[in-house]
Structures are given as structure tokens and as C-alpha cells.
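In what comes next, subunit A is part of two complexes: it sits with subunit B in the first one and with subunit C in the second one.
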Partner chain A sequence: MSATSSPAISLKVEFGGGLELLFSNERSHTVTIPARAPSPAGADTDVHPPGGGGRPADIAFLIAWLRANLLQERAELFEENGTVRPGILVLVNDTDWELEGEGEYVLKDGDEIVFISTLHGG
Partner chain B sequence: MPPRSCALCNKARAILKRPKTGQQICRECFFWVFETEVHNTITEAALFKPGDKVAIGASGGKDSTVLAYVMKTLNDRYNYGLELFLLSIDEGITGYRDDSLETVKRNQQQYDMPLKILSYDELYGWTMDAIVSQIGKKNNCTFCGVFRRQALDRGASALHVDHIVTGHNADDIAETVLMNIMRGDIARLGRCTLICTQGEDTIKRSKPFKYAYEKEIVMYAYFKKLDYFSTECIYSPDAYRGHARAFLKDLEAARPSAIIDIIHSGEAFEVTEVIKATQKVQQTCKRCGYMSSNYLCKACTLLEGLERGGASPSVVGLLVTTASELPFNGLSLQTNRMQGKLDAVLISADNMRTIPLFQTPSTLRPPMSTFKEQLSSSTQSQVIIDPIHLSTLA
Partner chain C sequence: MALVCQASTNCMRNKISWAEVTIKTGQLKLQQASVAVVGAGGLGCPALQYLAAAGVGRIGIIDHDVVEISNLQRQVLHTEARVGMHKVLSAAKAIEQINSRIRVEPVTSALTASNAQTLLADYDIILDCTDNLPTRYLLSDTAVQLNRPLVSGAAQQFDGQLCIYNLGPGQGPCFRCLFPKPPAPEMAGSCEELGILGAVTGVIGTLQAMEAIKLITGLHDGRPTLLMYSALSALPFRNIKLRARRPTCPSCGTEDEKVGKIGETDYVAFCGGQRPDWVARGLVEGHENLRIRAKELKDLLMTGRRVRIIDYEMPFDTEQYAMSTNIPRSDIPLKVFVANPAAHLSTTDETSEKAIGCSTLNNATLELTEDTYLVCRLGNDSQIAVEALKSVGMKGVIKDVIGGLRAWAKEVDEMFPVY
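So, the complex of A and B:
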């Protein structure tokens, strides 16, 4: 987790379509993550550059952070090659993340990020 | 990134990138184009006529929940004149289907549609829980798929409907095209892209979401805040479909049109007359009256295996198969041993639980053909099922 002195942002994260089963069976979570991510993307999330190095926290970082800190089981059903597994939809403040730059979207304090799996039976 | 406006109305802020077209569209335009495309699919294929009684195969999952909502919306908006029902099959899977059926019961209230639930237990005398405890988790999907298909038809018959619509979407159909290609199942490849299928005296089945992307179905449910259930079946690893699905999702990530392209490929294959000729003559099961291409339908064959206390269904299937593969005039050449086995299969049915006689809602059944006719008309037999019905009710 981030050192107490590091700047942090607070986000609302929701899981749906069965993904909540990987996250303690809770659909809605409020998380506080470091405001800056280690650079480059995909680096170890436990290493936080002191004093504002690295890059601003983006969704790619959030995905890695969630995998490392919130996910309880079967990580391969959530994350794959530094992004979400194909078939998982992501919304940023109720907008398709494909319109927001996907993993490169820079998170702001108070953002609401929704992950929905489409992979479960119909 | 600056917010961009909708490619359709040029006013509201875009909230979705359409996988089919790449267009960026707003919430209201999304609802409108999604519904209108389904309407166009329905009208172009002339799926319904006024007065039709239509059952929506409802599992409580995303696809069938959205289908029920959209069917109701379109029926009201365009005056289809349909009488709509919800039809659910309770496979008897504790912790899975019992929860999803609660969702369907809420849908019944929300959409104000009559609901019929038919259980494997009442129809076959076996729940999936009981089947799995007898045969294990391997191959249980075969039972579930065969039993569900027949249960849906029987439920439709009980409701006196002549048409079942299911929530199979473009992704499901593309997956099935891939699976049929990988298995070399040319006969099914020719059929699996059809929007509507109807046997001689079976109830029509169609797929109004044939061209609807899963992404848009899920987004529609999300933005409409529809109430659906999503948990993987606890017995389900249908590994082969899982691989096809993962592969398809990878393709879609690289090029979103891949899904519709694969459906188009499936449609473009021409099934030659030679292959059609080897497809089996449709007849009725001599035990329960359901459509069958063999002496016994697949459900009766599987049920017999269960009732025999764990006898592998393939053993029973093999006996029936072997007998039916012989040309009729070869029957007299069979060994006594084979005849004995056959008698055992046919006679012992009296002591077992069997499936009630199937009655179609509309058509008169032709007289049952004799066993001799059956023997001479069959050309092949295996317990295999339509792959698309392996997936949950959709």
C-alpha cells in the first residue's frame, strides 16, 4: 500500500456480470490508490516512486492495483497482459472506456469505474 | 480527452463505441438503434405474425432478460400483436438455477408476462444435482443440453405457444460457427446460422438477437438497469466452447467486426446435397413421442442410462445405434446375443421412469412408424447435441 505521505485519490469501483465473485462477492467498493503510478505501465505496483515520480495513475495502473490489493481469487479471470481480460467491459463515469483512451485514461479523485464481465452464461 | 458528441444526433455526449460500426453514440440513440436493429431483424426474417403466441426462453441471465424487455418494448411500439410468455427450465442445480429463477420471477412482475417453469425433476424424475451425483461432473453438460432442448419444447407445448425465442446473440452464433468448423460438423455448420429453425412438427425457434453483439446487450442491460443474474453454472466447464469463446474475444479485441464476419462466413458456406442426404430422417421417439432421428430420442436414451443405475449412456446409445445402423434385411443375420441385448433394452423400459408422451400444440402427429421402418430409414446415430444448446438457456 502507499506510504502515508504519498498523495492519493479515492475512487468508486463497481463489479458486475459475475466479476464481483472475484472481489469478496461485493459489487461496490471505495478504494484509495496512489495518485502516481510507477513508470512504465505494468511495473510492480508495490514500488512507488517517492516525491511524485512515475506517471499519473491511469486505469491500467488501477487494474494492476486491484489485482494486487482487492482481488481474492482467480486473477486470470480479471487481468491478462496488463489489461482486463477480453470480454470485460469497462465504464468510466458511465462512459465506455473505449471513448476515454482505455487503460491510458488518467484517473481523477471521485471517478467511478465499473467492470462488467460479459463472459457468464446468458 | 475532450468529450465528443453522438455520431447520430450530433447533440448529446457519446457514451458508447459500437463494436459493429465503430460509431460513438449517446445513450438515447444507443437504445434506439439497438431496439430498431432487433426490430429490423424480426421484420426482415418475418419471424412473427399477429396473434402468435411466443414463449421467451428465460434463464434470468443477461441475454434473455434483455430479450424479454426488448420483445415487450417492440411488441408495444410496433403492434406486433404477440402474446408473450416467459418459459424457464429448472434444471435442479442448487445455488445456481434456484437463484436465477428468482430473477425470472421478478421479471414476470416487472414485464407483466405469464411465467411457466418446467423442471427436469417433474419431467424426467432427475435433477441435475442427482444426475451429477450419479455420473460425476464429466459429460453432465450432455444430459443438461439434451434435457433442456426437449423441456423447452414441452414447456412451449404446455403453454400452447407455437414459437420459442431465445437470447442467443451474435457472439454465441459466431462461437458455434467456429466450433462446428473445428469439429468438421458440416451439417450443423449449415444450420447454426439460421435465424429460425423448425422441424416437421416441432415448435419454431428463433434468435432475434442473431446480429446483436454481446457487448451491446450487456451495455443495454447496464444503462437500462435491468435486473439479471450472472453466475457460472457450478457444473459447467464446457471446455471446448470456453476456448472458442476466449479465441473469439481475442479476435474481437483486435477487430470488432470479427464476430459479424464469422457469422457471415458461416452463412456463406454451402452445404452440398450429398451432405444433406446423409442427414437423418426425422421421426418420433417410440417411447415418448418426441421428435427423434432414432428409435428412441436422445432424452429417453440418456434417461434409460440413468435409470439403469449409472450405466453409461453411451452403452445404451451404442445398443440402439448398432441395431438401427443395420439395414432391415440384415436384422435376421444378427447374432442371438445382439438380439438379446436389444430385447433387454426395449423390454426393461416398463420398470423405469419414462418421459410423458409429447404432444405438439398445433399439428396432428403422423402414425408412429414401425420399428422395421425405423431400422431401414436410419443411417447413423450418435448421442451428440446441438452445440448451441450446450450453453445455458441464454
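So, the complex of A and C:
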């Protein structure tokens, strides 16, 4: 492969319902993440890996990436066993992530991903 | 006025008559409808107010709490005169004043797994206006069992959420479909503990009444969505398309596909046990060298003694207590402060330095030249901060206020804004 910089995608990431407290108390972030996850999750490998291996970046990868690069404190309140902690809903472009394949949803440049914690006060 | 064109007047008339018909048939449906509102607090009050004003024929209210003065900033049906009264009775009184023809059915006992079905079976729609997670799971399960839509509202600080569970019924998801496992208890706080802007519960409670009215009058489109409201955001409302009912859901799932059972009736245990009572913890007496009562601090300030108050929440009104100095630190998170407390104490900015006209910390000895009092909302964070200052060897008088600003409002200054 050539020495060009590895492809990346830019995403809008938003946190709500108190989760923003774990991310510098900022609700809105623009992040640039590698277009391909460095190591395959499970058996999911791609036949045409332009960056030399791995799998296309999906939400499962984004969760790990956010934990490693953006999260400021108390990781256990955000991530658990490779996915989000119970009580957190993930939204892909204003749609419940379950309708989009959950962690396996392959991210596209410009996607907006929202992580929101369920509230119970009243 | 004479210039209004005939065509547009006719058009207006047609529109009005169409609207009138809709409203009239809607009105009849509302009169014949029954709604149960669980929780007569921040969400319940505005919801009840609009349901009553809209003329919903029969309204059940379930809540075992009594009205407290600190409720009044958001629980808008209650009044100072009714402090100490059961919330459901106070709300019933308020409704009677709005619309005396409504049949109000107040229930002063707590909703439990053993009485939920009986108490709610008699209503067409259930509104979840509660403030805790175990009751939210209980209400969701009960709504599924009774085949009723559950209009659920929640609010915390500047955020709110609104969703109709079991919409369909049996088509839209229930609360368990979305959150099969309860969230971390650390993330679960009540309004009393975390504070809330009263207008946020106003927005969500009013929307709950709106959704109930849409369901009753047949104006709801039947699509399950979750509405998120964040008061401080540039785009404060966001509506999310939700998944359908989960066939494997232990509550609303398809009979042979259900995974797991809701055999347990202990919803508190399911949600990780009793939450810590932060109000009570903040009021812990503590050692007299570490904590001070709000009343004592007030007396101290009145003697004209120069002290420093570190405020975690919002600017303390120092005008009133002219001799005190004040450094609002809402911009320094507790975590950052605790990591290096001395640094934050020594960096007084120049203007306030001049205004205060005194140096506050001798860096060499870590001796505070002024007595220092820390205050936060309920008196929990301030305890941690005092501990941190002591642990780095800070000397001098350093105490925090027992019960925080809430206690200040109760014991010293009734006009002090509580939130």
C-alpha cells in the first residue's frame, strides 16, 4: 500500500441525559475516526480491505474509539462488554439503532450518532 | 376591516366549522374518557392541569407524598397553604377549581406490584409522572398486562424525555423492550437530588397531557417515537423513530418467544436496590470541625467577620452579607478541584483580589488567612471538597454547610431560590 494517510470518516456525536458529564460536559462533538476498525470484531472480515485489514468502522468500533479517545471519566458508566451500558439508547441519524443493526451498523461520513441515557426523574 | 375579501372570509368560516366539529366530537370523547396520572409532582401537576382544563371526564391520581415547600418551584398545582397535605388531595382541590365537573379519584397509597393492576384497571390511559426507575418498570409491566397505552414522561436538570409505551397496544415497544436491563444506579437520580429547572417538567408534563388528548380523540398517528428535550440545546426538541415491540421481550413479547420472565415482584431489587438518599446524606451532622449549620454560618456572617465562601452551585448573594467574600466556582468541576484543591484556592483573579482586598492563602504554609466555608446544593459534594482540602494539609478553618443551599433556604433565608 502507498504511504497516503489512512482513510477517515467524520461523525457528529452527541451525548444526552447526563452522559455528557463523562465527555467533558460537552453535548456535541465532531470526531474523525479511522474508516476501518484496526482489528476485526468476531469473524467479520472484509474481502477488500483498502487499508490493509480489519472491518469497516461500525458503531461497535465507535463505542470502543470513544471510550479510548473522548471519554474523560468513569468508563464503566458508558461501555460494558463491547457495547453501551444498560440504560443507554443509541440513535443513528434520529433512528433507534435497533432498526439499523445496532453495533454492526456501518458508519458513513457525516452520520450523526446520539448516545442518550434514560431519565427517570420527574 | 372592511377590506377583508369575501372569499377568504368564507374560507376562514369553513375552516372554523371544520375545526368546531373536530373539537366538538373531541370534547365528547374527552368527557367520556378516563386517565390515571401516577405521580402528582413536577410532571403530574402540569399534566393534570391540562387534562382537567380539556375536560377529561374522570381522572385518577396516585401518589403517597405530601406537599413540601421545596416542591413548589415545579409542582404548580400545589400552594404554600397546602404544604403538608397529601399531593393527590392538593391536586384534587386545584382541579376542582379549574373544572368542578371532573370526577377526581385520588389515591394516597403508594403504587406497588400488588396493587398496581387493581388501581389502574379502570382507566383508559395511564400517565407515568413518577420520579424513580422501579416504578417505571412496574408501570410498564402493568400497562402491558392491562393492555393500555402508557404515556411516560421523565425529566432531569435541563433535559426531558417523552414516550408512549405499549402504543398500539401491543405494537409499539414497552419500557422493557428499550431497556431490558436497568441502568447503573449511579446514573439514576431524582429531581430532589440533581435539581431541575421547573419549566422542564412543565414542558414534558404538558406534552404528556397533549399525547393523552391525542390518543383519546384519535388524533395520534400511532407511530412509536421518543421525544427528547434539552432546554439548553440550539435545537431543543429531537424526535426519534423507535423500534417495534420486541417479540422476545419478557413483558410484552409474543407468548412462545419470550426470553425470561418477570416473576419477581421486587422492582427495587431489580433496579439495583435502594438508591442512596442524597438529601439525608447531605444533612449528616459530621464533626463540628468539618461542618457548620446554615444558621451558624449566617450568624457568623452577621458579625461582620471576613470569611470566604466557596460555592459549588450558583453565586451566593454576597450583597446581603456584605462582609463575606465569594468565589463562584461552578466552572470548576468537583473532580478537578479535588485533584488539586490548593491550586484553585490560591488563584484568586486580580479583580476579585482587589475587591476583596486581602490575600487568602499563604502558599508556603498552606495556611488559609480567612475562614473558608464550602457550600453546594445538598451538602454532599462540599463534604468531599473539605476532605480534599484537609488531605493536602490545608490548615485553618475549613468547613462545609450541612444540608447545603437547601438547608440555607430552609433555616436562614426562605426567599433563597431552591431548585
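Convention: the second predicted complex is superposed on the first by the 104 of 122 C-alpha atoms of A that agree within 3 Å, B and C clash if a C-alpha of one lies under 4 Å from a C-alpha of the other, contacts with A are read in each partner's own complex, and residues count from 1 in each chain.
What we mean here is this: a contact is a pair of C-beta atoms (placed from the backbone, for glycine too) under 8 Å apart; a residue touches a chain by one contact, two chains touch by 3 or more.
Treat the numbers as computed from the prediction; the structure is a model and nothing was measured.
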| item | value |
| --- | --- |
| Partner chain(s) touched by A:16 [first = subunit B, second = subunit C, both, neither] | both |
| Touching partner for A:119 - first (subunit B), second (subunit C), both, neither | both |
| Which superposed partner A:101 touches (first subunit B, second subunit C, both, neither) | first |
| Subunit C-contacting residues of subunit A that also contact subunit B | 16-18, 85-87, 89, 91, 94-96, 98-99, 114, 116-122 |
| Interfacial residue positions of subunit A with respect to subunit B in the complex | 16-18, 21, 85-87, 89, 91, 94-96, 98-101, 105, 114, 116-122 |
| Contact footprint of subunit A on subunit B as seen in their complex | 1, 4, 13-17, 24, 59, 61-64, 167-169, 171-172, 214-215, 217-219, 222-223, 230-233, 236, 245-246, 249-250, 252-253, 391-394 |
| In the complex with subunit C, residue positions of subunit A that touch it | 16-18, 25, 27, 73-74, 76-77, 85-89, 91, 94-96, 98-99, 114, 116-122 |
| Partner subunit A, residues of subunit C touching it in the complex | 39, 41-44, 129-133, 136, 153-157, 159-161, 178-184, 186-191, 194, 196, 201, 204, 226, 228, 230, 233, 238-243, 333, 335 |
